[in-house]
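In what comes next, chain A is part of two complexes: it sits with chain B in the first one and with chain C in the second one.
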Partner chain A sequence: MADIAMIKTAAETGLANLFAITKSLLPGDAAHREDAFRRFSERGLPHRRIEEWKYTDLRALLRDAAPFAGKPTEADIAAAEALDGPLTAIDSIEAVIVNGHLVRAPAALPPGVEIVPLREALGSGHPLLARMGAVGHAHDNAAYALNAAFMSDGAVIRIAAGTHVERPIHLRFLNTGATPFATATRVLVHVEVGASVTLLETHAGPGGVGYQPNGVVEMVVDDHAKVAHMRLNAEGSDALALSTLTARLGAKVAFDSFNLVAGTQVSRHQVYLAFAGEGSNAGIRGATMINGTQHADTTLVIDHAAPGCTSRELFKTVVDGQATGVFQGKIIVHSRAQKTDGRMMSAAVLLSEEGTMNNKPELEIFADDVQCAHGATCGQLDEDLLFYLRSRGLPLKEAEALLLESFLAEPIGEGIVHEDIAAALTGVIDGWLRARG
Partner chain B sequence: MPAVQETIEQVRSIDVDQYKYGFVTDVEMEKPAKGLTEDTVRYISAKKGEPEWMLEWRLDAYRRWLTMKEPDWARVSYDRVDYNDIYYYAAPKMNAAPKTLDEVDPEILRTYEKLGIPLREQEILAGVQTSRVAVDAVFDSVSVATTFKAELAKAGVIFMPISEALREHPELVRKYLGTVVPVTDNFFATLNSAVFSDGSFVYIPPGVRCPMELSTYFRINEKNTGQFERTLIIADKGSYVSYLEGCTAPQRDENQLHAAVVELVALDDAEIKYSTVQNWYPGDAEGRGGIYNFVTKRGDCRGRNSVITWTQVETGSAITWKYPSCILRGEGSRGEFYSIAISNGMQQVDSGTKMIHLGKNTTSRIISKGISAGRSQNTYRGLVSAHRKASGARNFTNCDSLLIGDRCGAHTVPYIESKNASAVFEHEATTSKISEDQLFYCQQRGLSAEEATALIVNGFVKDVLQKLPMEFAVEAQKLIAISLEGSVG
Partner chain C sequence: MLQINNLVVQIEDKRILNGLNLTVNKGEVAAIMGPNGSGKSTLSYVIAGREDYEVLDGEILLDGQNLLEMEPDQRAAAGVFLAFQYPLEIPGVATMTFLKASLNAQRKARGEAELSTPDFIKRVNAAAAKLEIQKDMLKRALNVGFSGGEKKRMEILQMALLEPTFCILDETDSGLDIDALRIVSEGVNTLREAGRGFLVITHYQRLLNYIVPDTVHVMASGRIVKSGGKELALELEANGYADYRQSDAA
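Up next, the complex of A and B:
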């Protein structure tokens, strides 16, 4: 293992040039951005020799750094809004972000809810910005650091103490354009003591364009609050999408997050969750469907730093064609986090001869009075079950679809209480299965 | 069940008192100058009277090693070894190559007696009346005695120190040496390739079931010395062998390096069962001294329906860095890994296995039990992979950890990579503490807390212990009780 001299790739050089040009145009604290970019450039784009990126070689996958998208025109906004997602029909408080710029804030907000465009918040030095970066594990992550250096817009959302927000808040991240472009969006959500909220994210964009969204959602959830978070990745066929969710949970919090990957050439979804108060519950779940030469990575770091918390992680992956699925999950239990109960499961079904699934479920435990378990499975559909269904008269594809649907929908059934949202997301799964033919 | 102060005190004090193999034998040793240069490599090769190609092989490895970097990905932290401050070869002066036991330094014989290792053929392990074990005893850098050689030879089995095999069966050694663990495999394996001194060579001819258990006992005695043993076992078509390995070292304040390479080759329908009870000196309660155990062990299931089983009980060493692996090349071959790793005091263990499924219908099974106590860190790190052609591959992995006390750590880092749809992999891991109900039940039946813990732990590791040859199972069970004594938390 000789030392390898780091040669800057075209993308790394491109990002450095982009940063030099754009940094003075971006809102907010320039020193902060400089610092973030330095954290990124010290190590450069992560590659397979970097343990956390072992299975997703970003240096190889990101050949060129696309320029950041400018403010969209009215025509762009109209084109983007035409991207109708399955969650659009849900009655919600909607904000639209096109090409990384918040173009439509919700018309009216219920009492106790504050939504400020990030650009504005950065410009005016909004007090909530101090809550950014609450989960330390994410800081040195390349995607997170790049986002911190380039973030252009997004939202700062505050749910006041004790507020129960009836309708979900739906953030629609839409992209449009004919040539490759990049976006860096950031959403900061502060859910105060005893408040509850449902947050939806839809990510969509044009097919055939190699655009590069890199989004971060940060949540700070105070004691006794309740958060349900659902995310749909329906990005365009050639996109390279990086996303990070960080959440810092206080005491007695109920937190659920679900991510559905139904698009994108390359995706990596990272979750950094930190339990900072006692007796909280978190469910992190997801389903991924990939085919062709798609590559989908889910990476979790669940940090049990406080006693008596429970976490459940359940991820399902279906791999078809020559696609590659990656699941990396790490549960850390600190020595003071006694009575932790952590369970992580990753299950994958390979449908084709040429698919690949890489699983790395890790446990890192320093406390003795805990229960932690992880499981990982990988295989094909059960022949007996298929035979049973076929003997009942179902054609092979239908029998497969039926089994796959029940396989993929388990994390939805386990975590999502909002029926319409659950139905809409199940619909996305059905659509993907039908498209298999 | 948080640890009470009394317990913490006990845990702190056990390591030193527990290690009963910590004595030093006083024999005059022959050593080259400290440090590693081409001359050291030439010296070792000349001492062993090796053929020219072997020297070249070593020198190649040495030059390669100079360009390599010590790996740092394992979850262990230690002061880096100064590779120029250790002796790479140490042999007892008197009769470097003794022909019979009578020529062996009586001090060395007494050492093995003290360790309970029978070097006289009529002797048998205490408490076991029926079975006999052939022993190759390695003292620092040389093999001092190999028993039952004649009887084994009758069955066609070659069992001898590898340095002797290089002289007597050079063609066999040359054919297989470095084919499982290539010279360039990793930092420690390359170092070993350059300076390895002794170890065992085993060849089981086609269709032969080795008439007795073979075993090697490694003893590090001299200070400032590294031990670099090399073991090569070849099971030809349809043969079977069970091989045991044990190791101890004196108690010292300095850290000593043990960088071994073990290569196993199983041809068609052959089976190799390799068992280790690793009990190197673990260091004292403050983490001073102890062996750095950086070992590369790998088996190659080269033939159809071949089987390689690794069973290990790891209780010693300050640092363990060890991943006995199986390359499942032959169609229908099977790899098994059963491990108990117990860490206490300041020990750090990073161990696990790799199961590389290359052939069709290959199966593997991993059962790993980690127990951490004191302030130790215990990591399971494993890889299971199925390549494109490994249709019908099957793996089951179960790695459980048990923590005793709240100042230790247990970690699991499995990698599961599948490139074949018909490969079925299952992995499960749990971490828990000893249940209070179980402890209460045992204590209520009159067992002391310590006895109850030992009983429950023995139950926890039962699956692995059952896989050990009987002679070892008895020893391992005792070791577990000793390693955990006083650590009830």
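Up next, the complex of A and C:
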């Protein structure tokens, strides 16, 4: 590499110093962390000349690496738990992670469900740790590698074969603090053969503080298992939030993941999904609402490595103010993944002249008997539809809200069967639309 | 109630209305007939407040209020309703949701309380039954996959529900078979009352057998060129619009 002698940015130097200080204090295998940090530091913070980060220049966006948050006090926990997200009302098995530390594990677990704090699992060398990093595409990713180097806590979750977990498992990642801090959380979920589970994530934190959460959720889903995953990014107004979902699917799996972005100065959500067994179905969907100078990136790599799998990706973005939306989606179909059916769509509505949407859907197909399609749209709300609604008495903002709500609700309607969860997420969308005026 | 004086309208530098004058009184059903392209839909859009048009001259007064200074939703709240010639499909918005949002927006604009859901549903169901609209249609996305006739009935349902004081029907008869025409016309006729005015735009005389007008106006080249009673419609039916087209060329 020609620019190997690149000058380190303040944030890169900061991260190197933080790693030197904290690595001996963090639980688990130090060699793994060293290896992960090396994978990160070889390339440094990714910038716009790195294809995967073309529209989200992390080197420019992350000026300073904030120190990692210490263990929260009782007062911190109380303050964080007051961040009452809309998913809190759902009857669930709840784990609370404050500032990157698991502070409250579920009181009682149904049979077949095991939840171990990650810190403990790392300390004891839990056998499931061997399942981390199951999706190779993620390894060299900067956010993933940094998380692997710094991960402090989170959870290891096992759903035993054939277990149908009735209530959703809700992981509440709450943050609190008055000055910038960083967190690195990791959750590993192993859903064994024929098991089924609903997993919720809420991410929330204080407004006006430039905190830096970087979370990874990894799922290993065995044959005939069923996973429904809904994630709400309601981080604070000034946060820079990186998140990665990896999922490795066995055969005949039904997998659904939905991500809602409502707020946050900078967010990047990455999904690395690998079909490793035949005949699985995956739906990866999301809705993003941004305004002001917010920046929201969704980056997907959908790897069809096994035959006869179906994937549906549907992402909706509403851009107001001077905000910037990014969608990068790549479907890879290996030569042996015949009969793959992959469809990816990203649609954006620009509500202002200054907003930007960058859409980059890609297909890499090496098999001949496949059905794959991708599409991307970006435009304003239809003037004729707006006039029709207004002629019925709806003021402009209300007419816009009605059209936007139906636009944003599509990925919810297509994937989420749990009505209360769908309603709670729709409520977040309505709240955002109402706040427009 | 509606008074249009010397209305001149253009779109993309093309004159469409050329000094149109028209008065419709309270309780009156006025029909406008005219050849295709004479500007009938343009007139209805300009009254309802569509933005693409440039009004170069003239005024539109509804009970003395200057409509041209009002937003489309304000005009609706003031009592204007347009049954579109081509009703729009709104994917993802359930008909019920749309109806409720419209009704409550108008009630709010008039300072009335929002209707409770049961009251609202009762009203919709009653209006739908009269127009022979199936209940499951109300759950579907507005106008999406509806037949031409179903869309037109849905327009009249909205009209019945919103109880406007001035109703414009733009070629509501087009695309209707004889049964649907009868149902729609009955729907309109039950709304006829002393305080409400109608502007019924049509290309054919047929509709006017069902909705019998008080006055008939002939429109050509963006102007009202002849006005009369309901017998004028029959005359047009017999002779066609040839006379008026000639006068365009002159």
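Things worth noting here:
Rule of thumb we're sticking to: the second predicted complex is superposed on the first by the 432 of 437 C-alpha atoms of A that agree within 3 Å, B and C clash if a C-alpha of one lies under 4 Å from a C-alpha of the other, contacts with A are read in each partner's own complex, and residues count from 1 in each chain.
Keep this in mind: contacts are C-beta pairs under 8 Å (C-beta built on N, C-alpha and C of every residue); 3 or more make two chains touch, one makes a residue touch a chain.
Computed from a prediction, not measured in an experiment: that's the story for all the values here.
With chain A as the common reference, the superposed partners chain B and chain C fit together side by side.
In the superposition on chain A, A:84 makes contact with neither chain B nor chain C.
Legend: residue contacts after superposition of the two complexes on their common chain; A:370 is shown touching chain B, with no touch to chain C. The wider contact with chain A, measured as residues touched, comes from B rather than the other of chain B and chain C. In the superposition on chain A, A:403 makes contact with chain C only, while chain B stays out of contact range. Of the two partner chains placed by the overlay, neither chain B nor chain C lies in contact with A:140. By the document's definition of touching, of the two partners only chain B reaches A:379; chain C does not. In the superposed model, A:358 lies in contact with chain B only, and not with chain C.
Measuring only between alpha carbons, the smallest separation of chain B from chain C in this overlay is 14 Å.
Overlaid on A, the two complexes show chain B and chain C touching no common residue of chain A.
Touching chain C in their complex are the following residues of chain A: 383-385, 387-396, 398-399, 402-403, 406-407, 409-410. Across the complex, chain C meets chain A through its residues 48-52, 71-73, 75-77, 80-82, 84, 87-88, 90-93, 97-98, 101-103, 105-106, 109, 141, 158, 162. Remark: chain B residues 1-3, 67-69, 71, 73, 186-187, 388, 401, 403-433, 489 touch chain A in the complex.
By the touch criterion stated above, chain A contacts chain B in their complex at residues 1-3, 51, 335, 338, 348, 350-380.
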